[in-house]
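Here it is: the structure, laid out below.
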């Protein structure tokens, strides 16, 4: 993403304006704004006049002083300080975020896009070592964090699964944490027991990211989910405020939907449609939280009814291993989000999301593979976004978020224009 | 290897001339040519006159224009394009190679030698991340690929064995491949099922190398085997065309011999002696392929008879786990390639190869450890060659093969003159 | 650590003088020397006059010429040569060290401190690859070695546990070692069988470090233990010569105490109190070795009696898995080093050490977690020291120990002032 795109997107996000509203504010046609927002290598891309940049800066300054006068001034502390957990640069829960800090993090993630897209490299964390401690195996999450740290220039020391021998010998989490902290510069921890990662984090002053603590949280997943919605909407000129999101599947045990709904609740005027089988509904405390923030909630057992009109469909797999032996009343094979259903009830600009992995076997009650060529399927754009979001988290927690843009240089090897053969379906989207 | 050696070796390979024939063509004595081909730090090494370099360039130019006139012009496309799999920079099968592309790859591997020998370092792939996905454990192959990528300046994210949790939850190979591709810049994949790596590769535009798909292929092994033969022969002034190779052991299930024989079939006038127990013979379709290309094939159950006169003995282990329960008729303990046998029937310049691991236990029907001090044992020169060959593959697939030579700088630490204590037996060989 | 501190500490170590004695030799007050030894960023820190540096250099020169005249001249060979194993740059046993080579290694570890403390980075080993082969899982040790190598600028290829498939197929240690040596530049090996690592090391000329061979040795642990004692004593102005160390726990099977006692025996006039349950006493051959070197040994089954007056308490866990089924006569729950006991019988400057992991469960017969806020608990300063010590070992074995100081540059990210929240208890200690 060019500096120009970066500047315009950031302004729209800060001002919370759609493309239409922003174009109006600038006094240009929507089509003109669109050409400024296209990637530099697109034929349609246009450079905006220098004056526009100054105008945008002026508007932002004006906005800030208005906010200051109204007593809603921007928090000027570094982002790491604002999201700190108990004073430490650690990410344990989505509750550490408010809307403004989320949006600032998204700005850092945008800065990382040229690296994530293999156009630039940085070595800003050269010499730093990440300890990646997965007391429970998770290839996807582990590699995503590891690759993000490597792309910042650091090195990774991995530990996976039950080979973590010390804890089997009665070592406390306190000892494990403090010992590992003496070896590395930042820690990513996954643990099967809720609260374990927080206990781990209390024993160290190093940056720690919770990569999932059993039924607890997995905050970076919710953040990348929201970042994906924000980027997709930005491309389509839509705002998160006022949107309609349908959440599908196991809403009782799925920690990703729990964390995501808490982040979405920071926005304004959303409509949530929660579609779950009878025994797998969203817990009451989350319904309360969302209602208190003034959002509308609908609950239904019917996929067809629930998906209708949604801007975002967030599907999840029924994690059978979470409640073996329990009967799942009303849970029948028609609980599948497939191409026919999406074509029938969703809009052309609906986006389909999923925390993955999805069960791709025939008849699975999950997001169907027959949607693989539908541009609305955003699941790989979503996982791709894991890299810039996790790079942004590391950069913020390690205090290099302001230096990283200056540290970039061009990539030296050849990368494909599109990562996946089916990505071309989305060509020019961004 | 110096520029001088590099230039001369490459010329001999392109012209397909032995040292004797090349010396004659240049009008110098064989001994003179030998001194030009010695490593620079050898006492006997001599710099060749500048005029020789010009002469050699002239000969190559003449050769090229003759080939062009004869309609057999060299394919000028980049090597990655010439060996592409379905248009992508991926290595799935040895069938992607023809003789000229193999030889060009060997030239890139030669360029990597100073790095592989710890005389030079490069950071050409700094910032790149390799995803090393081993759905089936293989330390040797995994470390060889990983070390090769690191020596090019990149970082590696590893996944080994059955901890690959997503696929157990019903995730398709398509999803796994596309998700991982969003995290990394190249992929090395091993999978127990034939065809799985190709399926994985079809779901991504990134470089993918098949590191073994069960009974299918393991192309980088066959390429490093052939590269080894080529280097050993170059040292001895022999040509692959017309050579006699004996293949020993399990020729039915051993994928390494299957891939190697397909590569060797690209050369001219070879004699193959295939020595296997009755139920473990080379499949008929491979015999047909080799015969069609005009090579001579002999089959025998007798080691002593089969090894006689061979230039290369390629021994393999009987992989008992591949056919448990099946009776191995005629397979008796005298099926061992040992020092006494080699001394009795092989030549002083025969080379002994093996894909490793070899079973070193007493009485094993494998290449015997009593050959460890015999200079004809090329098995460690062979595994050492895995590094430059895999570096070359990465460099070609990622489009940096033309830049890597310029990017090298001197190594900063101390390396032993010989890697193994027994390597001195081969001192000055290269 | 500043150059000034470095110089003074090294001088005290070479001259074997306490702070008091060194201050007297220099003709300054002890308090003045203390201010020169404080970290630069301390308010109390003072720069010493240039003349002092010259005076110290003069004293060291005089000392060296006196030693030369007395026939006890310093061995001028590079450290790697002096500690070589069978002529190779390998660390297999603590027996490769004598006192002077240990102290020289400690000096290299001191040079690494700014990197270990995240104030500096170096890339001196950029391009080098470490093969980390753990045939027996050990997260702590593996990550410590891996992070140390990464902090020198190198890359790490890991192999853990029983996934090491080749050896299961009958491959000899000789083959495994020689093959891996062709891929990497240095090797760290842990193996469950005593002597296996030495066998592995004999098959390669590369640097190899024994990271534990079952009941055999784990030399880097003993070295970092001694380095910790030396640093703690240096801070307190005490000398190792003449100190009183109490060793507690399983002294029969614990390889760490075996290796440590052999290193301590290189010093002069120590008193050892060995406190073990009846069936777990220190082997006789080690008692003999220590006695022969003129040290005093006391043995007791009583914790309370044994700890009294000790300068160092080295506690170990009873590794139940080492002797399952065997009865442990006299081993009762009061065999625990806890806060009450330490307060009752230890001195204010006693230091408490442990090789970790310690069993932190209630009632465990180990070093109690109720000491976590006691500044005498040195266990995390001890594990922290694993990084500079292992960096020093790699630097020495790879021949870059003299270049590393010049290669350092400032770290680019933000690190916490203290790694652990409880570390502030020791603030200003160093």
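Each chain gets a letter, A, B and C, in the order it is written, and its residues are counted from 1.
The rule we apply is simple: a contact is a pair of C-beta atoms (placed from the backbone, for glycine too) under 8 Å apart; a residue touches a chain by one contact, two chains touch by 3 or more.
Since we're looking at a predicted model, the values are computed, not measured.
Think of chain A turning onto chain C: fitted on CA atoms, that turn is 120 degrees, to the nearest 5.
In this structure chain B contacts its sequence twin chain C using mostly different residue numbers, the overlap staying below half.
Each chain gets one centre point, the mean of its Cα atoms, and the points for chain B and chain C are 44 Å apart. For chain B, residues that reach two or more other chains under the stated contact definition are 155, 158. Interface residues of chain B facing chain A in the complex, by the touch rule stated above, are 88-89, 124-129, 131, 155, 157-159, 163-167, 169-172, 174-176, 178-185, 202-206, 398-400, 403. Within the complex formed with chain C, the residues of chain B that make contact are 115, 118, 121-123, 137-140, 142-144, 146-147, 150-151, 153, 155-156, 158, 160-161, 317, 356-361, 364, 366, 369, 372, 380, 383-384, 386-387, 411-421, 423.
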